[in-house]
Amino acid sequence: MLVSTTTVIARYAETDQMGIVHHSVYPIWYEAARSDFCKKAGLPYSKMEESGVLTPLVELHCKYIRPAHYEEEIEIKTKISKLTPVKVEFSYEVFKKGETTPINTGTTLHALVGKDLRPINTKKLHPDIYQVMEDCMQEDA
Amino acid sequence: MLVSTTTVIARYAETDQMGIVHHSVYPIWYEAARSDFCKKAGLPYSKMEESGVLTPLVELHCKYIRPAHYEEEIEIKTKISKLTPVKVEFSYEVFKKGETTPINTGTTLHALVGKDLRPINTKKLHPDIYQVMEDCMQEDA
Amino acid sequence: MLVSTTTVIARYAETDQMGIVHHSVYPIWYEAARSDFCKKAGLPYSKMEESGVLTPLVELHCKYIRPAHYEEEIEIKTKISKLTPVKVEFSYEVFKKGETTPINTGTTLHALVGKDLRPINTKKLHPDIYQVMEDCMQEDA
Amino acid sequence: MLVSTTTVIARYAETDQMGIVHHSVYPIWYEAARSDFCKKAGLPYSKMEESGVLTPLVELHCKYIRPAHYEEEIEIKTKISKLTPVKVEFSYEVFKKGETTPINTGTTLHALVGKDLRPINTKKLHPDIYQVMEDCMQEDA
């Protein structure tokens, strides 16, 4: 099972006047982590788009447990938590570097669609892409 | 019951290379709408912060139904859907102007905290602020 | 000469931990104002893109005079300050509503290019679009 | 003379519907690079803020030479190009990794101010901070 770890550094522009990283930044960190996950899985997202598979977001859930601050090193652990031929769900745990309890957790559910944004059965139409995602979920992978 | 309507115009910077408004923009639109809701309720968020009540996000849920595009006029309908002395939940429905089915729906759950980001019982410590929020939920308001 | 006025409200997400609107937000406000300018000139930017004319930024200059804050109403005055068949420059003055001295001024220089991002002579290839921009600069317009 | 190199990966959220990184992202990359520069100079920006020195932007100039794309590794070379007791200017060159001609260049001019956003003479009031910045400009440093 692939669980990737991606590091980002909290940017000044990402803070707000409460002095913490603004909540709208986490979905962007999830995306950077998901992008890194796909690359590590051997399936860079840009290649997926070139093959004609887009993955627009269908649902987003975030839990904000503790705030992050400017300049902190943040680690995002990413895995695929659900997979069907037409949808894939990623799960995220966000940590301050060196800590073991997450400051934020979340999931993103994505439709698997073509360039016209209509659903496609990736298992049938893009079995190679589907296989990579399935392998990422295997306990032994 | 107060349901506010807030209009935003989708910005070019808010689009992504799929040619649609990026999903991370919706929480920012929710916030602009929530800010407008509070102002219309007679409780501008800046005044709330001055009184020492901050409302950091605890949970965020978004459902993406159909995409929005550059230059489109977007209407966000906002209401308070849950309230306790230490938490408040806002609900949002996002429409393309002139349409009756939403393109996106979501909720944000906020902790009611002091400037030190610790929970406060607003019903006891800030009864005026609590009252305004409660009034917004009344069917007859 | 067309000088458009566009209003935006400073968003919480646009503030930073200095308690002011982050400097990276002004180019986005310029763009929202430019988009509004083009619409008011009868040439919505989306139509321009459909006609095959894109206007990527080539140069950006901003002067930050005084800060803007959350919830403030901001007015951006926009005009075309330079025009050649292959480039157009817009100028911006940013005001707090009701004030007469700007808090920020800036210019954006844009290449006029086709969908392949290569320069095109708009005066020859898109005379209708060029004419609209030229009219916006006329003293009597 | 200190010239720092900072790497960022272009995020999907940073692209726009032209399929390139949006121009408003470069000032944010400059800032991430400047933050990294200060850290490498032994003067993390968060420490500077704690000491009571803020550095709001006064002027921003950017030149966009060639576009950046999603997933590309971007290197930003940063140095201090001007320094007075009340102002500091940073210069940036942005490269695609492995290339030798920049895709973007820029400068940011910052006021050196106190927490009340009023100018301070850092050479007198914070000689240690001023010294670090001056050392970064020395040819032999």
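Going by the order they are written in, the chains are A, B, C and D; count residues from 1 in each one.
The rule we apply is simple: contacts are C-beta pairs under 8 Å (C-beta built on N, C-alpha and C of every residue); 3 or more make two chains touch, one makes a residue touch a chain.
The shown structure was predicted, so the numbers you read here are calculated from the model rather than taken from an experiment.
Visitor: Name whichever of A-B and A-C has more C-beta pairs touching across its two chains.
Guide: A-B
Visitor: Taking all residue numbers at the chain B to chain D contact, is the shared part over half or under half, that is, same or different?
Guide: Copies use mostly the same positions to touch.
Visitor: Between chain B and chain C, tell me the centre distance in angstrom, where each centre is the average of that chain's C-alpha atoms.
Guide: So the centre of chain B lies 29 Å away from the centre of chain C.
Visitor: Taking the mean of the CA coordinates per chain, how far is chain A from chain C in Å?
Guide: 34
Visitor: Roughly how far is chain A from chain B, going centre to centre by Cα mean, in whole Å?
Guide: That pair's centroid distance is 25 Å.
Visitor: Can you tell me which residues of chain D touch two or more of the remaining chains?
Guide: 12-13, 18, 20, 24, 27-28, 31, 70
Visitor: Could you list, by residue number, the parts of chain A that touch chain C in their complex?
Guide: Interface residues on chain A, with respect to chain C: 12-13, 15-20, 22, 24, 70.
Visitor: Using the touch rule from the top, collect the residues of chain B that touch chain C in their complex.
Guide: Going through chain B, the ones touching chain C are 9, 11-13, 27-28, 31-32, 35-36, 39, 44-46, 70-71.
Visitor: Any idea which chain D residues touch chain C in the complex?
Guide: These residues of chain D touch chain C: 18, 20, 23-25, 27-28, 31, 54, 56-64, 67, 117.
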